[in-house]
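Presented sequentially are two complexes of chain A, the first with chain B as partner and the second with chain C.
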Partner chain A sequence: MKMKRFMALAMATVMGASLLTACGGSGGTTSTTTAAATEAATTAAAETTAAASGETAAETTAAAAEKTIEPTTITFWHGMNNKQEQSLTELTEKFNAENEYGITVELVNQGSYSDLQTKLMANAAADTLPDIAQAYNNYFTDYVDKVVALDDFVANDYPDWDDILESYRTENSEYGKITGVPFNKSTYLFFYNKTMFDELGLEAPKTWDDLQHIGEVILEKKGLAAIGYDSMCDMLEAALRQHGEQYVDETGALFNTAGGLETLEFIMNMYNSGYARLVGEDNYFSDSLSNGMIGGYVGSSTGVSYISTDIEGKEFELGVCPVVGDKTNAAYNAGTNIVMFAKDENNQKAAWEYMKFMTSKESTIKWAMDTGYLPVRTSAYESDEYQQFMAGDITAQAAYEQAPYGFVSKASFTGSNEIRNVVSTTLNELITEKADAQTALDTLVAEINDVLQ
Partner chain B sequence: MNRRSFKGYAYLAPVLVIMLVFTAYPLVKAIFMSFCENYSIINGSYKGINLENYKDLFDDKLFIRALGNTTLYVAFVVPLSVVISLIIANLLNSHIKFQGLFQTLYFLPYVTSVIAIGVVWRWIMNSNYGLLNYILGFFGIGPIGWLSDPKYSMTSLIIFAVWKSLAFNIMIFLAALQGISPDLYAAARVDSTPRLRVFFKITVPAMMPIIAYAFIMGIINAFKVYNEVFSLFNSKAGPVNNEAITIVYYIYDQFYNNYKYGIAAAGSVVLFLLIMLFTMIQRLPGRIKAKKEAAQK
Partner chain C sequence: MKSTKPSAIIADIVKYVILIAGALFTLLPFVWMVLSSLKSANEIVQIPPTMIPKKFMFSNYAEAWAEAPFPRYFLNTVFIASVTTVGVLLTSILSAFAFARLDFPGKKIIFSLFMATLMIPGEMLLITNFITITKLKWIDTYKAMIVPWLANVFYTYLLTQFFSSVPEALYLAAKVDKCSDLKFLFKIMVPMNKNAITTVAILSFIGSWNSFLWPLLVTNSTNMRVLSHGLVRFQSEAGTKYQLVMAASCILVVPIIVVYLFLRKYILEGMSYTGVKG
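After this line comes the complex of A and B, so read on.
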């Protein structure tokens, strides 16, 4: 009897414990495998360096300008799938074949962005990070000291850093050091049902007033909402900037101002009047637009491939235009950067070669044309090749049009990721409750400051 | 320690080592983390050892909601699932045609990935083009925003979870049913006992141990619900603002999205204590009965 009771208790304990460990579980297994892989890679690298160190040491002083990189393998964790992964693989294979140092970049698909984020975190804790990885700035607020500062590389060995679009340079310098190079960049655009707009005598919106007018007409004539936003927190920040206000920094919410209230009056009015609606169970508005269930929506430029304009009985012509401004223009840019975690000096140099290659004019053009992401260089935008491509691609045209006033949300402080989630869910709730602007403002400010307290 | 028991422990050693490393160590570590203020998983640093995490935890209205939701979930899913599976298992056990086919069908949800099932249910429960609303439409009900209206979030989750957990219960009940001696039923037939009476006086008592087992396992599993929420609401915890958040979802969110490791650890400790408490309570009736029997002897 005693034994039985003990066994039962033990069983319950194990069950509970397996739950406690569940959080670390997936991370644990990955770290063991990667630990082994990295170890193998470093030993191999160390051996080659040791073998060659005799000659290199003598040569470094003689030819300081000449680079010496020993053949090595670089691991790159990414979250690209389908045709994006295919294009990434092509580019990487090209790099592997053509680089003069014998560097091999090994791509490791980690699933979705959120999988990538959690795996990076678990491996940061286990100190088994890959050499390079795709990452948003808010992934590594807690382990920015593990990200290699690229300032020296950029200063000494990067062709024309100023050619990279300014908002991307700002984003990658947010932490006070250069933490990455821009990679798969997208921007939020306004996608709309042009057939419906033409029928109702509407034109692509240019101001907030236009948006409101479009909302009124479509609601009256079609009984539909005219506008949706795929990302609520990004919508809020863009709207605040368009109205000349600031959003959030490490001290808290910055929009508890008269202008902030005006912005929320506009937003809440759009929703409370039925001109705009939440995405609900669809997750993205591309489905709603394809099914003729909304007039238009603001979503990522890469989401265009999910819009079907040829569903039987619901065919329509797609329109794309830049997001509208108010007092000023502001377009939200999204997409990750490539950051470096490599500790070994040789691997750092090798990884840098790859990062240079991926952000070169040639690569960024190919990448953009293959995937629908945006070029990261001004010269790439202006190249004949891309201009030609753009002529036949309305999404790329709209993205180009708003490139000068793109911005990237500040993420380099603790709590930035939590604020994204809190703002989205709080806005959802406020809209569902049809709150007034003042309540919305007060609630949002309180929730944001609560995260950062 | 004598030679024989040494040999026994030697045989046990591999599994003991694995359990120590992967179960006992993380358990102790998680309990330790829960008392560390501002614990950092990256370098193991913390501000101080105190109850700050627990204070934050119970101050967080989201955690309170998670507690409430999980309790609601356990209270509905487990009994409903046991009762329904008991009925279905009995029907499957009677001599119907295509018995094998039905058994396979009912067992399918158990071997299918929750994520895949979630995708299907998201379509079934879609407010605009869902099958469920289509059928309800014939009766003049709806359309109901199963997955879009915050009011229905928990209802939808419970319906989904009950359906999902039927398979396992049906399987163990079927096995138990087949273990009941046919003589008992034969005797009942001789007395021409009504079927309902047979069910309550023979079948249910004979299955009592396995029903109790289903309850204990069901409750432990239901407290740990996460996958069902994640898959039904497409990697969110509810349509608007975490209406269907559960304790484990909360823990995951704090750990991986908000980087609040200490609070996540405190949440797991609370959950651990809850599960232990419920398991102990459930074992009470059995223990009292055993004591009584011992006293009678």
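After this line comes the complex of A and C, so read on.
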């Protein structure tokens, strides 16, 4: 009897303790941050600014002096599987074997992107983030203060930052500091059934009018939708940008304008006329294209490996072209960056060596040729090696063609994640209801502003 | 079936047709999984889908098997699920007995508190538990995957209900015969509620077997991962290799089937107690 009583009490205590821990989270963070700052301040005592921005000052001193890095192990959390993981492992093993400082990078597979995102979030709360990790900008909106600012590393110890594609540099600076280096980059392209297009006398589209024409012809002759978009929220933002409009920022929707209405007129007309259709249960249009059930679709360049062009009785030639622009070109970039969380100064320096290595011309070429991701450097695109590879790869050619027009959604404000979901859901509903452009515009604007209130 | 009246025979026929249809219907996803696991990458995305693969791609199994260290994942999963199940049985039986039979001050309040925790969604506890595990420095250990699941309020509640329905007279009679509480519990109470306890064991085992997020959160090395982590390795940002997922799922499901064959009787009885879907 006493034993039961004790057990009941013990359980109650455990429950109570776990509640306390929840409240203690922020307290723990503060204390470690202070510790790190103190440490950095000691190292860079000579610097007058040390007290204000401890870590930054320490880095500047270190980079200016001769570089010394103690042998250490760096943990890298990633979400790469299959051949991507293979290539990543090969590159990392090369780095581990060849770097002169005795740095070992340990790769830790954390499942898929969403698993990685959850893990990072939990570890940010527990203050146990890895040294570096793959991340989209919207992963760390809530804990951007834990991301190491790389500005000084880039300024002092990165010979050719301008060689990195501009859209990637912009993306990695959106928080007002450099938060990462671009890693596994892809872009949205238009994949189409070239056999069908040739048969109907259609060319790869170049303008919105072309898209509409293709839609009319394919619907009339084949009874099929001509176009689909794997990601609806990215489709909307791309279309707005193509039409010279803005999308969303922390103040709310920015496209409640004449141009915004024109954009939605175009979009809703495509869907309401049956020229475009929703993806439905499949999630990706690659299967539809493989089965000759759609003329073409806009999807990630990495999705090309999921298109089968040789299903019995349905063989076709695949065509790939840049996403069609209107007043200007705009194509959605996807793929993560490598972000640093390391607190220890030596680990930061070591991690930086790895980040430099992974984004070097040589590495990014190998990575791109192995995996179908895109090189992150202009010089890599222009190298003989990659040009040769590109000659035999229509996806890479199209990606190269639209490289200057890449963009990503603004992620550096609270609610950006939710807006992505809300916009996708709302667009799906509007299209299912065959809403007119004005209703679509009003509904979208209202839903977006709702999130931010 | 003893009756030979025509109407009874017709009734039997109707009954069995419905039962057979139901059985086929239930079996279909499983058959589909097996057949899909043998299709080529082309055939699996073909629309309309084919039922029987044109060519049996047994290589899918080899490919899926090579993608992750499945034997290690398997051992981890079995170990974690078994220890968790034994542990949860022990805590649930003891606490259920206390709630059902013993009198102690604050019993009702503590029981209500227990019940109240059922209202907290698991997702809310995720980060809290994770921080606790981190502070204990249990990351990447079996402990982290087992200890948080050793007590389960729902199972405690379930067993409390069953234990309460055992007549008090039995307990008092045992007391008269100088039987200790523990002895009464394990000699009389537990055997009398064998089916309910088996249900808890099965639910706990299956829950542990299928768990994904928590083991992923608290582990970092490949050696500590579990079977469900092997399955996500066939997904990427742009699509899923369904044929490999299916092949891996087939491999995954075999041990469960073996367990089922041995425990069929208890599982069926247990399921009918809780109304949980199979």
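The definition used in the following text is that the second predicted complex is superposed on the first by the 388 of 453 C-alpha atoms of A that agree within 3 Å, B and C clash if a C-alpha of one lies under 4 Å from a C-alpha of the other, contacts with A are read in each partner's own complex, and residues count from 1 in each chain.
As a working rule, a contact is a pair of C-beta atoms (placed from the backbone, for glycine too) under 8 Å apart; a residue touches a chain by one contact, two chains touch by 3 or more.
All values reported here derive from a predicted model rather than from experimental measurement.
Applying the stated contact rule after C-alpha superposition, one finds that A:Met293 touches each of chain B and chain C. Looking at the superposition, the partner that touches the larger set of chain A residues, chain B or chain C, turns out to be C. Looking at the shared chain after the overlay, A:Gln387 reaches neither chain B nor chain C. Within the superposed three-chain model, A:Lys119 lies in touch with chain C and out of touch with chain B [touch as defined at top].
In the superposition on chain A, A:Asn82 makes contact with chain C only, while chain B stays out of contact range. When both complexes are overlaid on chain A, the residue A:Thr425 reaches chain B alone and has no touch with chain C. In the superposition on chain A, A:Val108 makes contact with chain C only, while chain B stays out of contact range.
Once chain A of one complex is fitted onto chain A of the other, the partner contacts of A:Gln438 are absent, as it touches neither chain B nor chain C.
Of the two partner chains, chain C is the only one that A:Tyr306 touches; chain B does not reach it. Taken together, the two complexes place residues 1, 5, 8, 12, 15, 17-19, 21-22, 24, 118, 121, 125, 293 of chain A in contact with chain B and also with chain C.
Interface residues of chain A facing chain B in the complex, by the touch rule stated above, are 1, 5, 8-9, 12-24, 28, 114, 117-118, 121, 124-125, 141-143, 146, 278, 280-281, 283, 293, 414-415, 417-418, 421, 425-426, 428-429, 432.
If you check the complex, the residues on chain B that touch chain A are 19, 22-24, 26-27, 30, 40-42, 122, 125-128, 145, 147-148, 150, 220, 224, 234-235, 239-242, 248, 251-253, 255-260, 264, 268-269, 271-272, 275-276, 279-280, 283, 287, 290. In the complex of the two chains, the chain A residues touching chain C come out as 1, 3-5, 7-8, 11-12, 15, 17-19, 21-22, 24-25, 75, 81-82, 84, 108-113, 115, 118-119, 121-123, 125-128, 186, 284, 286-288, 290-291, 293, 299-300, 302-303, 305-306, 308, 310-312, 314, 334. For chain C in complex with chain A, the residues that touch the partner chain are 41-43, 45-47, 54, 67, 91, 94-95, 97-98, 102, 104, 106, 110, 113-114, 117, 125-132, 134-135, 139, 151, 181, 213, 216-217, 220-222, 229, 232-239, 241.
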